[in-house]
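For clarity, chains are labelled A, B, C and D in written order, and residue numbers in each chain start from 1.
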Amino acid sequence: VEPAYLFQSTLAPNDLQRLFREVRTTSERLAEPLSDADATVQSMQDASPSKWHLAHTTWFFEAMVLKPHLPDYSDFDDGFSFLFNSYYETLGARQPRPRRGMITRPSLNEIFAYRTYVDAAIDTLLSSQPPRDVTELVELGCHHEQQHQELLLTDILHLFAQNPLHPGYRDPALVAVETEPAPPLSFSAFAGGIYEVGHGGPGFAFDSEGPRHRALVEPFRLADRLVTNAEWIAFIEDGGYRNSLLWLSEGWAKTLADGWTQPLYWERRDGEYWTMTLRGSQPLDPTAPVCHVSFFEADAFATWAGARLPTEAEWEIASDGLSLDGNLLDTDRLRPKPAAARANGLQQMFGDVWEWTRSPFTPYPRFRAVEGAVGEYNGKFMSGQFVLRGGSCVTPPGHIRASYRNFFPAHTRWQFSGLRLAQDA
Amino acid sequence: VEPAYLFQSTLAPNDLQRLFREVRTTSERLAEPLSDADATVQSMQDASPSKWHLAHTTWFFEAMVLKPHLPDYSDFDDGFSFLFNSYYETLGARQPRPRRGMITRPSLNEIFAYRTYVDAAIDTLLSSQPPRDVTELVELGCHHEQQHQELLLTDILHLFAQNPLHPGYRDPALVAVETEPAPPLSFSAFAGGIYEVGHGGPGFAFDSEGPRHRALVEPFRLADRLVTNAEWIAFIEDGGYRNSLLWLSEGWAKTLADGWTQPLYWERRDGEYWTMTLRGSQPLDPTAPVCHVSFFEADAFATWAGARLPTEAEWEIASDGLSLDGNLLDTDRLRPKPAAARANGLQQMFGDVWEWTRSPFTPYPRFRAVEGAVGEYNGKFMSGQFVLRGGSCVTPPGHIRASYRNFFPAHTRWQFSGLRLAQDA
Amino acid sequence: VEPAYLFQSTLAPNDLQRLFREVRTTSERLAEPLSDADATVQSMQDASPSKWHLAHTTWFFEAMVLKPHLPDYSDFDDGFSFLFNSYYETLGARQPRPRRGMITRPSLNEIFAYRTYVDAAIDTLLSSQPPRDVTELVELGCHHEQQHQELLLTDILHLFAQNPLHPGYRDPALVAVETEPAPPLSFSAFAGGIYEVGHGGPGFAFDSEGPRHRALVEPFRLADRLVTNAEWIAFIEDGGYRNSLLWLSEGWAKTLADGWTQPLYWERRDGEYWTMTLRGSQPLDPTAPVCHVSFFEADAFATWAGARLPTEAEWEIASDGLSLDGNLLDTDRLRPKPAAARANGLQQMFGDVWEWTRSPFTPYPRFRAVEGAVGEYNGKFMSGQFVLRGGSCVTPPGHIRASYRNFFPAHTRWQFSGLRLAQDA
Amino acid sequence: VEPAYLFQSTLAPNDLQRLFREVRTTSERLAEPLSDADATVQSMQDASPSKWHLAHTTWFFEAMVLKPHLPDYSDFDDGFSFLFNSYYETLGARQPRPRRGMITRPSLNEIFAYRTYVDAAIDTLLSSQPPRDVTELVELGCHHEQQHQELLLTDILHLFAQNPLHPGYRDPALVAVETEPAPPLSFSAFAGGIYEVGHGGPGFAFDSEGPRHRALVEPFRLADRLVTNAEWIAFIEDGGYRNSLLWLSEGWAKTLADGWTQPLYWERRDGEYWTMTLRGSQPLDPTAPVCHVSFFEADAFATWAGARLPTEAEWEIASDGLSLDGNLLDTDRLRPKPAAARANGLQQMFGDVWEWTRSPFTPYPRFRAVEGAVGEYNGKFMSGQFVLRGGSCVTPPGHIRASYRNFFPAHTRWQFSGLRLAQDA
């Protein structure tokens, strides 16, 4: 058999250089509002310190690209591979994940120096007309770093939410909420049949997005917009969090064990809902999409609403031909945005919130992980997680695709995750 | 929409009565070797006491059939619904699962009296020509009890395995092991295409086995026999339990956390492998199918062997037209049996060990749970579990089908679970 | 230095034989109401199965007396030392304590056979005029078994309390409660000074009760009776369980973590307090001593009452010259009894409930554990526990002494433990 | 009864002002080597961030002194009482202890501003000739802050020890180890009898150090120096950590559960012992006192050595008349120092390492906590802890006294804790 390959790049050398610089600069811009302390603390096991994100993405270039492919490259610091390897068994021992927040030194400034050092080495490498397998690794490293840009913001929100003073990552002035109600819920219908799904063409994609393959679906309908906060409040007020019959058994147990009564970050003050955001604590916008709910909550809501979550194939089929524009990181809104009051067909498919699907994250037919460290990127996580689609308000533009498969465990709430309803047709 | 329905029974009234009596008698026969103490203790949270199995299956008839459908039926004992409801939220509060082993009273004899009382009432009911929805519930109750027969034996093995004296459920005389080696591993090839899978025709099936629907599969190959103990020893000796690269990330974490180095119940004595069985501790039979491995182990083994686990659709397609005969509970062997040395095509598809598939347990297209308590039977477990197929050496004959979907969490080892390899073709 | 010695026996050979027979018979009598299942289940880590108590006390004679001192003695069963050794590192490996309830076999009847076998061997031994160090071990074994008699009842109550059917160990007919109120609380005063405390004279005592030594105490006052249920209800109603200022910091944390709002086994039904007893669930007797409270609760109560717990020296000084009679096991009441309405001075010093003292269980001056297995009896538990004095309604008569030091961790509630107030004078 | 009082101050107003300034300045000097990140992270539940220590000690003055006693004082920041109250239930809700490390903001600089603000207010207050109960609270606040100075260093060492790069709090150049062996172990003898112990005279002491009272002790001998690292290595090499018979039962369980094989912070590299210190990782000095051992380890060592730990009364009696000089914080050594090779009588009684005693931390006879928040200072911790005496190399001079009772749970290892042997005489 042929070895599995990463992907088929379509980037000209100059474009790769531009992408690399832009991605690296963006990360540093995202870190600007953070103090050394902000960037060091780990607020829970699932989250990582900002400093770690900044260093780990740099280590990725060092370990995957520079050390194997740039002659005479010497490590910025011998100890960093131990500190900043995430989960690559192939690449040696590492700081245990739950203890990433113990690393008060190196400081944030030293990490910036590390980034500069590695950037220069990548520049050198890219200037030397490296072979395609090397440039592909650099391109992979850019998309890897974009993933961590979203995580950096997601994790910082979680950290700041632990602080009783509710600090804002960005200007915490109160933001006016939409007063017009969301458009009524409508559904678009899709025919059953055999469709091609998964990444197939040239251009970057993660290995788990392929191989492109045929999928058989029954006729279905997909909601034209995301579920809103107002609809979620109706679910709460109808006893949704207290009615076990709406819930998957695992989800119900988690609800009880963790005492869930509302989405993560919601808070009730004097009868009003507030929610912690990257702009500090803000009054809840009823028209905006609900965010920070788990798969279990999304599934229970869908059952309550007489609907279900879409499969990932349905979502991908429905997204065919839609623009990738949306409320992504570049709008700088940093929180989900209400749907347009008047619109035809599907809205909010890209950006705003990651949409839980009912599909467990499993390998596509004939998927094989590539050899070596890169092969550990996705394949080994194909159990115990559900797929989310469409990106969020903290996803960097250029990072999202119709075939993009994000995945998290079903109880996860700290991601910018919401839902869109589906139905059998 | 039409209400979802249970299934379309094909049993004549007399056959139902015969089935009911046979199932009820079998349970009691299975309990014969057990003392009151054996039948009372709960060896871990996932397992239940035998007494509980005997009473819960009886309660199922009482709660689902007699109380709603037999006029003037009065409970055997008011407190039993609390004690023996498993997980039906619709049917009221219940003893927490991890505390099922605290119930030293009622005694095993009192549970037998409870069974007799309920049996008589069901007899009365069945003699009164009840409507189809009632007889269907009785039939469901019989299949439910058969599931618990397998669990009773599975759980008793687990309990006895905790006893340093290694008591045997059945005659613990040492059993001679096969000396002829297993047949070499061969594969049968299957064409890709669209197949119908799931239960469709008349006759009993659980709700999760339907609706029958079309499935698209790529060409694949399926091993003609199960993986053997000897092959598993080769995996161990090649460092399979120490090589993280073979494992799903979740599985590797579990391996380390629980210190897995071999299948559950294996023990090394003076260089020989022994294993705990329902006939006490026995020397490991190298030719017999490996048993008591988790999904994670099965998946790692398949990766090590250059293969993969089949999907449940592949397994079901391959089983088309095969006899349901096999090493089931009625052979009274009570442990898996080596494959025939000479055979054509697929062996051991039914019986011996449940075969892990790579398919998460998810709803089939257009699946809807039925209304009421019965609707809680399967649907609410459709997250966080993997499908197993084919039954085991402790599955009652008549209980297994090609469309049968068993499911357990990926780390589960105490079931009679093994594996069969598959490959892309 | 001289080797530490066990104690200086005062029993004539005949008396030892009589004591041995009586103790052994009593254990079997206590087991009479129990089924094999009752005697097998372990209701929590701190409790042991009745069967285990019956076997472990027998093993004690086998391991400490028969094997070292009866020539040609052969074990009843090779596997029993592993099963029934409690914590004697000197005497080999053993079943982990939390897993004592897994041992469904040997059955209760087999344990009785084991007892008979060992009894015969001890008879043989005692008939052979054994040396004093051997008869002392037999005497120690008798007192050891008496301790386990109390534990057997304590643990059975805990087990039955887990059963929603509330079975009674003894006839569960409702018992009339005292209608006359308890006598008003009065205190007896004691002068400060130097007293001798600890076991000194001849006759049996555990090693931890000696050496007899001088203790310096300040003048103090000791309540003439135990704290009652009615007084405890007043504490509850005054918010005692919600006022952190009354509690030791550790105790307050435990209160919150475990949700304590009343003594163990109390239940509120229709505004009335009930409590689980060895006679099943019974209405709470307001005049009877409060029972099943932890040290932390006792200490908080004393603070609330403007008093304190006595030290163990104070308790022992006050008990000087008092009769050891009281509501012990032989009254067969099996629960604490109200104080006499009219009495002079200290009541209820022996029996009813173990009285928490404020004294941590530490070695007396010049205490040294004896060599060998017997040295593990008490010495190694001298950290993290508090001393209780006076015995309870399930303590066998003949087992309690003024110098007797019982000890349990401060959060322990399942013992028959209550309190008596003290004050500085 | 008279209300309990704090203590009887002997400080002239000027001296109090000087003490206050010196203590406040010292804290800031100790924080100099720390970055904002260093000062923010909490390395475990028992430890606190440096920033928290700096702020909490400031809050103590604000909450105990300024708000009740300085008219028109207004809080520096409303939210700080929630953030920096440690455990005073009387003073309101607070950030849960295990989440002190989430507070990345306020920054270290803001905490310094908080300190300046409060310092100015205290200056104002002290200039106004406040009554004695107020100056006593200021004096208490100074001693409180000294305690936290030691904890700050202790906790920073723990934090840095979690970092695989082993950063040094102070210049991490390797320090030469003593080559001369420790003096042979000798003991000083003390007569039995009645002694006065506890704080009695005027001058500052914590409430738990009194009332001064009589204690009766038997003749004893106390080692002239602390146990050394070389002696501890002999204990290790003799199998001390593997021999259950040397250990208290609780300690043995902890040893197994946490895998103890050597003191905290020890590491073996190429056959040599290294240990983490405030000057980074350093080769172990065999002659220096062993440090970072738990009570359980100290007790096991003493048993192994044929000795025992002293009681706190013995220690205090032996320290009578000794100078309080020693290797305290002002030597800036920051680690324990070998005993002098030639010396008469007791050495190292003050400084170097806290010495575990065998005395549980219990109230002295007639101890009563004072009313109000200050009463929560010590009294509520009088269960589950053991007393340590003598101060350590990170105890500020002026803070230690012969009557000083430090206390920690028996498994605690991260304190600068070691031991001195005692024997019955």
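One rule holds in what follows: contacts are C-beta pairs under 8 Å (C-beta built on N, C-alpha and C of every residue); 3 or more make two chains touch, one makes a residue touch a chain.
Since we're looking at a predicted model, the values are computed, not measured.
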{"item": "Common touching chains of chain D and chain A", "value": "none"}
{"item": "Homomeric contact chain C-chain D: same or different residue positions, threshold half", "value": "same"}
{"item": "Distance-maximising chain from chain C - centres being C-alpha averages", "value": "A"}
{"item": "Cα-centroid distance, chain A relative to chain C, in whole angstrom", "value": "59"}
{"item": "Euclidean distance of C-alpha centroids - chain A vs chain B, Å", "value": "38"}
{"item": "Contacts with two or more other chains, residues of chain A listed in rising order", "value": "none"}
{"item": "Chain A-facing residues of chain B, complex", "value": "87, 89-90, 194, 213-218, 244-245, 247-252, 295-296, 299, 358-360, 362-363, 365-366, 376, 380-384, 386, 410, 424"}
{"item": "Chain A contact footprint on chain D (complex, rising order)", "value": "35-41, 43, 79, 82-83, 95, 99, 101-108, 159-160, 162-165, 167"}
